[in-house]
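There are two complexes below, and they share chain A, which is joined by chain B in the first and by chain C in the second.
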Partner chain A sequence: MYFKDSEELKKILGGFFEKAAADKDLAKEFAKSKLLIRFNYTEPELSITLDMTDGENIVVTYNDNEKVPEVDMSMKADTAHKFWLGKLNLTMAITRKLMIVKGPVPKVLAFIPVLKPAYQMYKDYLKEIGREDLIEVE
Partner chain B sequence: MFGYKGKILYVDLNSKNFEVRGVPESFFREYLGGSGAASKIFLDHYKEALEPFSEDNPIIIMTGPMAGTPTPSVSRFTISALSPLTGIWGESNCGGFFAAKLKFAGFDGIVITGKSETPVYLYISPKSIAIRDASKVWGLDTYESEELLKSENGADTEIITIGPAGENLVPFASVVNRRGHLAGRTGMGAVFGSKRLKAVVVKGTEPVNIARKDEYNAYLKEILEVYKENMTMAALKDAGSNSSYDLSLQTGDLPMKNWSKGDWPEGELLGTAYYKEKILVGIETCYACPVACKRLVEVKEGPYKTEKGPGPEYETVAEYGAMLQIPDLEFIAHVNNIANRMGFDTITSGSTIAFLMDMYENGVINRDFLSGVDLKFGNKEAVLETVKSIAYRKGIGELVSLGSQKIAELIGDRAKDYITTVKGLEAPMHDPRGNFALALGYGLSVRGACHVSSLVFPISSGFMYFPEIPEFVDFGEPYSEEKKAPMVVKAENFGMFFNHSAIWCIFGGSALNATQAVTLFNLVTGFDYSIDDLMEKGERIWYIKRGIDNLFGVGSKDDRLPKKLRTPLSEGPTQGLAPDDEKMLKEYYN
Partner chain C sequence: MGLPEFAMFYLPTRILFGIGIVRDFTGELQDLKANRPFVVTDKTIRSLGLVDYVLEGLKSNGVEVAGIFDEVPQDSSVRIVSKVADLFKESNADSFLAIGGGSVIDTAKGANIIAKMGGDLVRDFSGTNILTEPLFPLIVIPTTSGTGSEVTNAAVIYDEDSNTKLEFVDRFITPSMAVLDPNMTKSMPPKVTAFTGLDALTHAIEAFVDVDATPFSDMFAKEAISIITSHLINVLKDGTNLEERGWMSIGATLAGVAFSHSECGIVHGIAHSLGAVHRVPHGIANAIILPYGMEYNLPVKEEKFAELAKVLGVYDKDKTDLENGKLAIDAIRKFEESVASLSNLPLRLRDVGVTLDTFELIAEKTIVDGTAAYNPREETIEGIIEILNKAY
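Up next, the complex of A and B:
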């Protein structure tokens, strides 16, 4: 496991989403999707919800049971980490059920193009917080 | 007999005679159907010094045992012959509605030899078989030809036809059903043209018998639930084969600028959202397929105004977009319409144009060589002029209609740095520099560089998964040569059953695992094969096809990738990476 506990996962992956939310241009690009998406992580456990329904901003919440997500993605935290590093074959992960996606496929497909800058941003963010050790993964 | 009809129609266009031959079940137990059966039939017809346009080159049209049943994504047919593009085994498979109708007419397949002196078409129904005059449709494009033949023979017919490209012997001419279902690759349309065979018209309503019907019906319900839950099926339903475009662009799967570029920001304009916004007007499907991945498009106004019709598939978007550096879906829809009407392959034509552009921009050839056309990357008008001239082989069309390999032979050694063929066939739009298994798959492919010649591509790119076969579960990291050879061997063997003989569509079929596919095959045919049994049958078919290539002088020495596909890119997701195909081939042959 790349993350020792939920707290570390929240700090690193949650922190990354919060950084993306603080970048107004990037947030606006992401929020064009108007998605309300929830990532349910296991090993360790945490759920992160990204609310982009206003079309302008990303609102990040944790273990949020009030908002009803339009798209729900479940995976191990390690799978998510590899994904944001750009080192996961997304198609293969979905086919092999390493990532379980529930929700309208058109919305998910439409979200893919905006992810491109996020991969490099995640690497930069890991360096920024002194966690270069997490960049090289098997 | 179950699944199979037990009959193949043999037609001799020299004598205008035909013969209906019964086929014993033992034949299908060994060669299964589709191009598996066709490879054995071809071998039986083999003669020394056979040429693609000689009268003895047989056109072999074969269905699989499940065509015409409600089994999803499998009512397909293959067309095989000696290829005029490559000079070796040629085959192309196609969905649409023709395969089911041929079964309903009472036949598993058709073998056509000889040459007619005048244009003809073949009419087949359970009551009547005839070789009819086609002079009225000769010269018409595929849309016009199908329309006229339907008006003459009835709306309940299914038709495959060639267009002007096939008539004029363009070596990458295709055969077309319902405007947008194409047997596109290796020039089967030109073999039709060489025999002056414009079309095959079929009619019939005889159902296909299913061996274990009650069990099949119950199992089919389960399978349809599998389709409903599968994410790839949902993506295909939503955005067609171009649903993979955005990911291909991001991951380095998409070749750009004749395989020489790794990053292209404007490429986003060819993705799913733009396809829907700019050109999409509807969807279509193939017989008994719940996926419905075919797109209908229209360009209502502007310089590339295009009638409502079949839309460009991913391969066409990639070829005429990324390869030629044209980020304009309306333009691509327009070009696709021309290629469908004229009846030629967009992969070979697009790659050949990219090959010429690359050599032109690098000073290997000059404008005179291109009949005065300024064929530079991104020049839409030059591409349009070229595309319009291919089928009639006029001006620059005469040159492009040769295909890359023959053009390279005209130029000599300097072309080697720019060509993208294996065994004479241009590589499709999936880059092996990000997927080393595919490098080995392209090299070994029987018909030349191809992503559907086995199951290497769908498995290594991740949308197909057969957990029952260990070599498909763990085949190493994508950028490593490790574990690729055993995976490729199994992908060839199982592929000969799966998408070549049973003829599952690699898209629609990818909802299934191996057990489900084999179960459906057994329930329809009444056979009792295991996965291993079908691996064994598949291996034999693979060797027959490779053996046919050997007869025409092509062997293991030809299993190498061209330099372009082995040269690392200096940018993009696969920057610095290149497969060592020699290393993988060594392991494969050991």
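Up next, the complex of A and C:
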């Protein structure tokens, strides 16, 4: 496991989403999808909800059971980490049940090209917080 | 060609083929423990006598159906699916028997989910790979040679509440058995034969060049392309020719196996948008867009298109891959023109009610269609509008 517990996962992956949310241009690009998406992570457990329904901003919340997501994506935290490093093919991950999507799959697939700039941003972010050790993964 | 990054082949469907085989496949039904099937079909199929043709055969072999639902509309919906699931449960059936085209088959797939699992189709099961256990046996008898749904792990069902088409992708909804009998497709009129056949050809060609294509899907795609381009014209010349009908059934099913593994791309994406904006029937939209979608993808898949030229018998060893790719596209264009001349099939967007002022909207919808992720060349608004202009 790349993340030792939920707290570390929240700090690293959650921190990354919050950084993306703070970048107005990137947030606007993401939010074009107008998605309300929840990532349910296991090993360790955490759920992160990204609310982009206003088409302009990303609102990040944790273990949020109040907002009803349009798309629910369940995966191991390690899978998510590899994905944000750009080292996991999303269509392959869905086929192999590494990611389970509940909700409109086309919306998720259509979202992929928008995410590409974020892969480099995630690597830069890991360096910035002193976690270069997480960049090289199998 | 490079080694694929990843490949998986999975086909749980038993495929039976034979002229007259729908009259007796009771042995295979028993293997599946399908002793009281519930029939899902539509009014047209029933009025053509196709349902009775199957049921008489089953009855004479000792199989009684538990019930029949024959009101599946052209586009399957969540409401219809729920109704079918309720009737299935009330009838004490042990399996589904779908007799029809894509909408009928997808209705049976959706009904099978809630008949077995309970719950709410949209809230609990829309998405990918959500199911955790096998459903009831689903036997499919296609009455068109086009959708390939008899062997795919997907269903598209319209949700009235959200006004959207929902996708269900799961290995457990793949039919247990597909029974292909040319007697069941012989009543298709020429135009339907033409656009369902070109729909199947589009499945095969897009599956062959898409990003997730593998040697496994290629094998099915190439054979499907070869069969469809060799037999569709003959079927249009004589729709009663069961041998030619039989080849088309096989070709469409092979194409279904191919795209079930590597998906479709920009042609289907545009066809979905043309359906949403202008109600252009799916098969016709695919037929119109296919050669232009191929042209769009050619620069990034020259080697694959050159291989396609070999399949189509137009390969020239003295030409480059790019040149051979163009020969393949020309061959498909000429093939479609021959099909159109025999079936009155429109091949221009202007002839199916599409207007120039909607191109921007169609392009915007296409670029967010799920198929965009599988297209080998990145889709752009400008690129899609160029395709639409060429096809107009």
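Operating definition for what follows: the second predicted complex is superposed on the first by the 138 of 138 C-alpha atoms of A that agree within 3 Å, B and C clash if a C-alpha of one lies under 4 Å from a C-alpha of the other, contacts with A are read in each partner's own complex, and residues count from 1 in each chain.
Note that a residue touches a chain if its C-beta (ideal position, glycine included) is under 8 Å from a C-beta of that chain, and two chains touch if they have at least 3 such contacts.
Quick caveat, the model's predicted, so the values are computed rather than measured.
The superposition on chain A brings chain B into a clash with chain C. Of the two partner chains placed by the overlay, only chain C lies in contact with A:G103; chain B stays clear of it. In the superposed model, A:I112 lies in contact with both chain B and chain C.
In the superposed model, A:A27 makes contact with neither chain B nor chain C. In the overlay built on the shared chain, the residue A:M121 is in contact with neither chain B nor chain C. Look at A:V59: by the touch rule set out above, it reaches neither chain B nor chain C. Using the contact criterion defined above for the overlaid structures, shared-chain residue A:I135 touches neither chain B nor chain C, since it reaches no partner. By the document's definition of touching, both partners, chain B and chain C, reach A:M92. Counting residues of chain A touched by each partner, chain B versus chain C, the larger count belongs to C.
Within the three-chain superposition, the chain C stretch that clashes with chain B turns out to be 9-17, the only such case among 9-17, 45-53, 81-89 or 117-125. Within chain A, the residues touched by chain B in the first complex and by chain C in the second are 89-92, 94-96, 101, 105-106, 109-110, 112-113. Interface residues of chain A, counted against chain C in their complex, comprise 33, 71-72, 89-92, 94-97, 100-110, 112-113.
Note for the complex: chain C touches chain A at residues 5-6, 8, 126-130, 164, 166-167, 169, 211-212, 263, 367-374, 378. Residues of chain A touching chain B in their complex: 86, 89-96, 101, 105-106, 109-110, 112-113, 115-116. The touching residues of chain B, counted against chain A in their complex, run 231-232, 234-235, 237-239, 243-244, 246-247, 249-251, 268, 271-273, 461-465, 478, 510, 573.
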